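Here it is: the structure, laid out below.
Chain lettering (A, B, C and D) follows the sequence in which the chains are written, and residue indices restart at 1 in each chain.
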Amino acid sequence: MAKEEEIRESLTKQFGALEGKIRIQRARRMWAEVEPSDFETVLDYLRKSQGFVILCTMTGLDKGENLGIIYHLAREDGIMLNVEVTVPKTNPVIKTVTAVFPGADHYERELVDLLGFKIEGLAPGFRYPLTDDWPEGQYPLRKDWKLDPSLKTGKIEES
Amino acid sequence: MRKPGKMLKLALGSAGKKPATVPYPYKKLAMPDRFRGKIAADSAKCIGCKLCMRDCPSAAITINKVGEKRFEVEIDLGKCIYCAQCCDSCNKGVLSITPEYELAQLDKKKFKVIYPNAGSPEDTPKEP
Amino acid sequence: MGKVFIPIGPQHPALKEPASFRILLEGEKVIEANVRLGYNHRGVEKACEERSYLQDMYLLERVCGICSHSHSTCFIQAVEEVAGLEIPPRANYIRTVVAELERIHSHLLWLGVAGHEVGFDSLFMYVWRDREIVMDLLAKISGNRVNYGMNTIGGVRRDISPGLYPEILKAMDVLEERTKYYIQIATGEMSFIKRLSNVGRLSKEDVETMCIVGPTGRASGVPRDVRRDDPYAAYGDLSFKVITDDHCDVYGRAVVRVLELMEAYSMVRQLIKNMPEGPIVVKAPRKIPAGEAVSRYEAPRGEDVHYVRSNGTEKPERVKVRAPTLANLQAMKKMLENYYLADIPIVIAAIDPCFSCTDRTIEVNRLEKGTTELMSWDALRAYSIDWYARQGIQLKGIRL
Amino acid sequence: MVYALVHILVFPGLLFLMAFGLFAEWVDRKMYARFQNRMGPPWFQPLADILKLFGKESIIPEEVEPRMFRLLPLVALASSLTAFIYIPVWGTKALFSFNGDVIVVLYLLTIPTLTFFLAGWYSLCPFSLLGATRTLTQLFAYEVPLFVSILSSAFLADTWSLSEIAAFYSKHPGYWLFNLIGFLIGVFSLLGKLEKAPLDIPEAETEVVAGSFTEYSGNLFAFFRLAINVEMIVGASLLAAVFLPFGLSLGPVAGFIFYLAKVLFVVILLSLSHAIFARIRIDQMVNLCWKFVAPLGFAQLVLNMIIKGTLLS
């Protein structure tokens, strides 16, 4: 666990606000909670100085009042740092990371479609994964989302 | 070595050999022992705990109460995904897997199979 | 011929599953390529939140047919980590045996499909004929040819009886010999190589910045392999090479895959030789304690990531699935542009795409019995004409 | 007059050609399957396919010129049928023959390819357009080697008539062996003409769906299928007449059996090359034709000039 401890130490040294917010779950699994204002600099630091060059994926969470994003970052040696950022549901705006990780494009679009995030700086393009005529304001992965009867298009035969 | 026509020998050789394919509806291959086909049920053994219903990933199985401590198993073969989790969940050995796999039907109603519990050992599934 | 816009997909013979590639052509050359995904969105992630962990496992197993064991194992590993379950070593070994057999059948499948995409159907037929050996083996071990249903929370459902060991080893020998022959074909048949080399190039830098995974990345000389970097199941006990290649093109991807086959045979042999004795399953609680975990898994197509968050009930709070194809598709634009139209099928096939894995989540509540009217044929036709018109293609109508 | 009509309509004309075409398609498919260790279709499969197509509705896109769209399949079938009457079947003598019929047959065989191009062009579908352009590009690539190789054989025989070529080679047995390079070029070009793998670039399924035929269905597509089948027979017969002229003087029955064997041999060669090669790309195909196949054809011509100068003078 020496490497994980080292990463924690250098992170807290660099960003004082992260004190006590980094958790080591087991070998090669670390979790961190970062404020939306810092997350860009933290991700940049992690990528450039700590070798977290792989963005495995991004998970969107519905946490009731807030929405969360987990950036699953990994290093070549298998250590994984999951950076969680929380934004209020009323104004779920977050900056894009596509400048740093070009591969994040589809992951961010997925967050926009399914959880209603507003990603600042995301290049225009096709939406993913919902259909082009999906109505505004319907975010299926939110916990309070109910299927609008008008959206049902397929007929399921009574058996 | 790179050259065109590397497969010539194999292709010509195969022409005289027995085909690897089987004319399916006329000749059928044997299923392996553990094959998970149609689920069979012995409703007489059922105690109505409904563990199978709870674990079924596709809600294909229903336990109907037909009398005092008598239950019958109803399986919708159209919904069943043949994972056989119900057979693992059942503590009483009611459900078992059979190697039957040709289950396609033209009529959706025929997918519903009820294993009646009349109390006699000669139970056969009736098809509505 | 001026610039022509052609739609490859959502339905096209080159695609085995729906996805839409909008290609702008000048003559035979691809000027611009855009990818639209989402045709297979089935609401899996949402559905997972409404089902118990055990039901989720079977649901996620059906995210993809070919890498079914990958998804279920990846999910179950995350659940077991949250629940704090220690898996018996034999169960881990059995999982790994099935995982490697699955890799063998997936890579053989890919080799055949690659042959088919460039019109080399004999390779397809022969490879798929020999793939039956490993499919039969999987059927003997698990019961079925795909969707093995081997996993359960806390271990595996079925044991591999020692009586089956000689048969597995013999099958590995036969497959190894056949694979050697296919390596000769794949690296020796001129007309085949001509179609593969210098097509769909992806530089090492692109792979690194776009986080490309699996054989696609390894074919560009990036030695990333979760089995070695972040060992799970029994991979920590195995010795194997991470195959890389520096061709950076479709040919390199083919080479990486056939050489990985050889590694997989040796891995299965090691696993069978060192298979520990003991139980295959530990008892798991129905309610999983609150917590979260991420699990990584090297599926045949690349790294599979599952995230599970539990809230202490029978049902998970959130399940996230990242299939390898989603990561790899982002490089598709780069791989298609400035190549020929004829290269599109093989370049798309070269990442071994699995669109149903990629698009997981439209909520049609299948358990609820909704009755809305079906679209009439005319309405459907009008809709499609309108849809194509919005995409910039004038169909104007087809007389029937 | 009646005799000629029977020849044209029944044997060795229309009916025989169609039946033999379907049979040859079966041989092709069966052998292809056997080369791949499969079982292959039963003997009536091609006939069943054609009958099924005739039973189906023909869909004509609204935007296309319907008369042209309907006419093209018939032109394709008619031109390949016409070409056959100049080819000797059971002996050295063809049904009709004149000095120069080699050229006529070659041009008649080009017409189906042109109709494929026009069919694609008139379909107004992006895939058909691409298929049509590929058809024409490919035509320009393989046509020159084919002409040169066939003409070099005719040059050796010093005649432009197919019947006289056959007569020359039966008078000089063994001379056909000099033309083996030409024969291989002929098989290669026939692959391109029939759009069969590895030269099925214009209708490569995974790339351009069905190329020129994407919009065709029902009986119109069936006519195209028949035209290709007949073209396969005519092309193979042409190669047999020009490059494999042996066993012609054994009388009509033996000659006919020899003829069937020769055509089927060419058909099996076609399916073998289908089995062992991958489809090449259009740019590779053009390169291959102009860099290797055409020079080989000219080499054959030079070889025949030398032979003519030394052995026949």
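Methods note: a residue touches a chain if its C-beta (ideal position, glycine included) is under 8 Å from a C-beta of that chain, and two chains touch if they have at least 3 such contacts.
Owing to the predicted nature of the structure, the values given are computational and were not obtained by experimental measurement.
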item: Shared interface partners, meaning chains that touch chain B and chain D; value: C
item: Of all other chains, the one whose Cα centre sits farthest from chain A; value: D
item: Chain pair showing more contacts of the two, C-D and B-C; value: C-D
item: Chain centre separation (chain A, chain D; CA means) in Å; value: 61
item: CA centroid of chain C to CA centroid of chain D, Å; value: 43
item: Between chain A and chain B, centroid-to-centroid distance (C-alpha), Å; value: 42
item: Chain B and chain C, separation of their C-alpha mean positions in angstrom; value: 26
item: Per-residue multi-chain contacts in chain B, two or more chains; value: 4-7, 11, 20
item: Chain A residues counted as touching two or more neighbouring chains; value: none
item: Per-residue overlap in chain D, given as positions that touch at least 2 other chains; value: 35-38, 275-277
item: Touching residues (chain side chain A, partner chain C) in the complex; value: 25-26, 28-29, 31, 53-57, 59-62, 70, 72, 74, 76-78, 80, 82, 101-103, 105-107, 114, 125-131, 140-141, 147, 149, 152-156, 158
item: Chain B residues touching chain C - in the complex, by the definition given at the top; value: 1-7, 10-11, 20, 31-36, 54-59, 81-85, 88, 97
item: Complex interface listing, chain D residues touching chain B; value: 31, 33-40, 272, 275-277
item: Residues of chain C that touch chain D when the two form their complex; value: 1, 4-7, 12-14, 25, 27-28, 115-123, 125-126, 129, 189, 191-192, 194-195, 340-345, 396-400
item: Chain D - residues contacting chain C, complex; value: 35-38, 59-63, 126-127, 129-130, 133, 197-198, 200-201, 204-209, 275-284
